[in-house]
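There are structures below to look over.
Two complexes follow with chain A in common, the first pairing it with chain B and the second with chain C.
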Partner chain A sequence: MYNATVARLTYRALLGRKRAALLFALPLLLLVISVAVRLLAGADDGTTGDLLGGFALATMVPLIGVIAGTGAIAPEIDDGSIVYLLSKPVRRSVVILTKLLVAMGVSVFFSAIPTFFAGLILDGNSRHLAVAYGVAAAVASLAYSAIFLLLGVVTRHAVVAGLVYALVWESLIGSLVPGARTLSVQQWALASASHIADGGAISAQVGLPVAIVLLVVVTLGATWGAAGKLRRLTLAGEE
Partner chain B sequence: MTTLSIDGVSRWFGNVVAVNDVTMTIGPGVTGLLGPNGAGKSTLINMMAGFLAPSTGSVTLDGAVVWRNEEAYRQLGIVPEREAMYDFLTGEEFVRANAELHGLPDPVAATRRALATVEMEHAAGRRVETYSKGMRQRVKMASALVHDPSVLLLDEPFNGMDPRQRLQLMELLRRMGAEGRTVLFSSHILEEVEQLARHIEVMVAGRHAASGDFRRIRRLMTDRPHRYVVRSSDDRVLAAALIADDSTSGLELDVKDGVLRVEAVDFARFTELLPRVARERGVRLYEVTPSDESLESVFSYLVAA
Partner chain C sequence: MSSEPALRDGSRDDSRIHDIGYRHYDGERLGRASIRRALFSQSLRGAYGLGRSGRSKVLPMILFAVMCLPAAIIDAVTVYVHLTKLPVEYTRYAIYLQAVIGLYLAAQAPQSVSRDLRFKTVPLYFSRPMERVDYVLAKFGAMAAALFVLTATPLVVLYVGALLAKLSFGTQTAGFGKGLLAAALLSLVLAGIGLVLAAATPRRGFGVAAVIAVLTISYAAVSSVEAIAYSRGNTGAIGWLGLFSPITLIDGVQSWWLGAHSAAVGGYGPPGVVAGIVYLLVALGLIGGSFALLMRRYRKVGLG
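Then we have the complex of A and B:
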């Protein structure tokens, strides 16, 4: 279910110039802000929660998910170079699963690890906030990777669709419309964070069992959908 | 020896019919798929390559359906028209990645062989993004050949190549055909097809307009006169003898160029008549050249039909 060559090509494409700059810029910004906040305001659980929940989990993680998830496949479909993968005796589900694993790895590396270190910088893992938000970022990265990989296969405007989802749905509607929060990856991730952090330090709108079920269903569903779509993918000619 | 069969294939996109009820069999040797832009060549090649499902009909490779059949790629080598490759890789890395994806036991050796076949060893260490169009085309060719396929499909392979590269690729394709591989290439440039393939499949407006040796196709088109340029020891005597026969419909004695231009309406009878009357009149024939048997004239007749 994994092809090392597909993984290598995906990984090198993802860490190519422009995308790598974006992938490095956001975590770097988080770490710089964390250092500045710690130096200026000292250690504070409230500030840590605001920065890790409000910026890292609500904005940085979905954006990195968009870059890694769509970037793992959409550019190849757009420019047609995917033909070199599809004209091989390799099952298309293997292509999708491999690309998903690479996108997940890149997302977790560039979002969960910086989030954890930002937490350490901000207040030294007080009330387990650094670990809780780090785990939440990792959990969210897995789901985002699958969702945005699916978008990358089904639409030619995957990045725009991904940004709309990440910024409008997750950040705006998710924070204003109570019902929408139940269908928010961010809230599912927060459910896991609230379970890890000391009591009351992090609150979530969704219970942990529901969050786990929804995360698994969405991640598997998106992966299955992407594999099915890639199997039916047609490559039109120039005519 | 592998045969690609297209059986009653149509493909439409919404209301547009791109390929209309095409049936053809592509066997070993070099076949040219010819047609103007928009004739449906790329759509047909994409269906042969398993990248597009036929709306009706079937495309099979030695009896096995190609669409959604990854195993077919063990026998198929594909050179797509689109330029995009993995530009961040070197030529050698690109071809090796293709070899690995085919699951070859020794991808490094296969890569070396394929690059040598297209004479690209000298630039194998350079990134693909630094290649000229011709170099890209050759590396694409190497990636298609790396698993030694029995069928090679090439969509407009000569686009953007300079004359020398074009000749090299033609020679390579001829060799592949002579080795018994099934080689199909599409082109809208008639000279390319004429130089490389005697067997052609002609597509016009989504339909399969003709199939076979292009000279034979031309001869079958009896509603069109056949034109010849003749040089002889006595053009005037020859002209008088030829015009007396029903197989010719027109003659022009070009004194300035010293040639006789003949228009024949009955190909079989004329080819028998010309040497006979020359012998009877004691005229020596120096040159007899069909002036409209070029693929271009065949093609323009078919498009106009």
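Then we have the complex of A and C:
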């Protein structure tokens, strides 16, 4: 189920010069802002919630998910070099699973760990906020990686489609239509966070059991969909 | 431009059509200005998918429609409910719909420059009688014009609706003029940022991610910190924090210069004249700086 060579190639594609610069810059910015806020405003639970919920979980995690999830496969399909990979005697579901695991590892590393440290910097894990948001970021990263990997296989405009989901659906529609919040990776992650943090520190729109079921269904469904699509992949020419 | 009269005299110094013996060309040679115009109009059309495949029209046209739709709805409400003024300021409209503008820029800026880099067509452009500055001017101008079409069209819709609702002509015209000015500034700033990021890479997907990351991350960071400053009662700092993201920068410029109400938390725009001038200078500096960076980027575009 895991091919070391495919994994190595994917790591190198994901952590190539420019992509890595973006992947490092986002968490670094979060940490810099956290330090600045701590120095200027002091430790405060409300501030920590605002910054980790509003900035880290709502903006940074989806973006890292888009970069890692689509970056794991979309460029190869785009420039056609995927044919060299597909012509090797490696099952296509193994290719997808390996790339998914790498994307998940990279996005958890670049989103959950910085979120946890930002929480520590902001108020030293008071009311378990740092751990809660760290876990939420990790959970969200897993689901985002699977969704955006699927998008990367399905459409040539994977990055744009992923951004439309992350920005328009989760922020805009989610804030206008209450029902849309149930179908949001961010809210599912928040549900797990609210369970870990001390009572009432984090509020979520969905209950924990629903959130876990939806997370698992979406992650597995996206993976299965991506493997199925890669099995029947046809390479389109340049438009 | 200066070479055009010389061309009409029959001078061949500007011609690069290589005579390799197939067929003679003795028509008029159009010079640099014409090339620049052609590249500008092709890039502008390309930014809306015109003259390209149907699939590449889908996204820009949808975003354009999404941009105009709220303005039409606001018009309808204003006319039927007999409001005495528009519920949205002209200058605030682009701020509300910044996500749409950001997506458009992220999708179309790499479209405009990354493909030339990826398919190595840039050296072909420069084998014609055109200079680096022509290419940069045409691409920059086209992207800014495309963004201006995107941001100014809904303002026109709003303005027409306001006049149909028989709102005060003077007030509406003044507000509309300010809105257009702000839209032009926004277009130039965003076009510069988008093109600099997109021209850094031949990968389209990466360019898209980089543009959107810079726009949304800077905005999210600035508004989180602003909200924290607001809750700590530090309202003076809010006015300065806006300098750190493109949209809040434009918001600061228009709230100081054009008398718009700031969209920052609590409506705290730049505090005082000095801050206002700093905002304007930073905005102009961004435009000039991105032009200079683009010029630097294309100083060496080899086949490598």
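Please note the rule applied: the second predicted complex is superposed on the first by the 235 of 239 C-alpha atoms of A that agree within 3 Å, B and C clash if a C-alpha of one lies under 4 Å from a C-alpha of the other, contacts with A are read in each partner's own complex, and residues count from 1 in each chain.
Basically, a contact is a pair of C-beta atoms (placed from the backbone, for glycine too) under 8 Å apart; a residue touches a chain by one contact, two chains touch by 3 or more.
Fair warning: this is a prediction, and the values are worked out from it, not measured in the lab.
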Which superposed partner A:V218 touches (first chain B, second chain C, both, neither): neither
Contacts of A:M104 with chain B and chain C, given as first, second, both or neither: neither
First (chain B), second (chain C), both or neither touched by A:V139: neither
More chain A residues in contact - chain B or chain C: C
Touched partner set for A:L29, first chain B, second chain C, both or neither: second
Contacts of A:I67 with chain B and chain C, given as first, second, both or neither: second
Contacts of A:A58 with chain B and chain C, given as first, second, both or neither: second
Touching partner for A:R8 - first (chain B), second (chain C), both, neither: first
Touching both chain C and chain B, counted on chain A across the two superposed complexes: 239
List of chain A residues in touch with chain C within their complex: 18-19, 22, 26, 29, 33, 36-37, 40-41, 46-47, 50-51, 54-55, 58-60, 63, 66-67, 70-71, 74-75, 78, 157-160, 163-164, 167-168, 171-172, 239
Touching residues (chain side chain A, partner chain B) in the complex: 3-6, 8-9, 12-13, 16, 79-81, 83-92, 231, 234-239
Chain B - residues contacting chain A, complex: 13, 18, 37-43, 45-46, 49-53, 68, 70-71, 73-74, 76, 78, 80-82, 84-86, 88-89, 97-98, 100-103, 143, 155
Touching residues (chain side chain C, partner chain A) in the complex: 52-53, 55-56, 59, 99, 102-103, 106-107, 200-201, 203-206, 208-210, 212-213, 216-217, 220-221, 223-225, 227-229, 231-232, 234
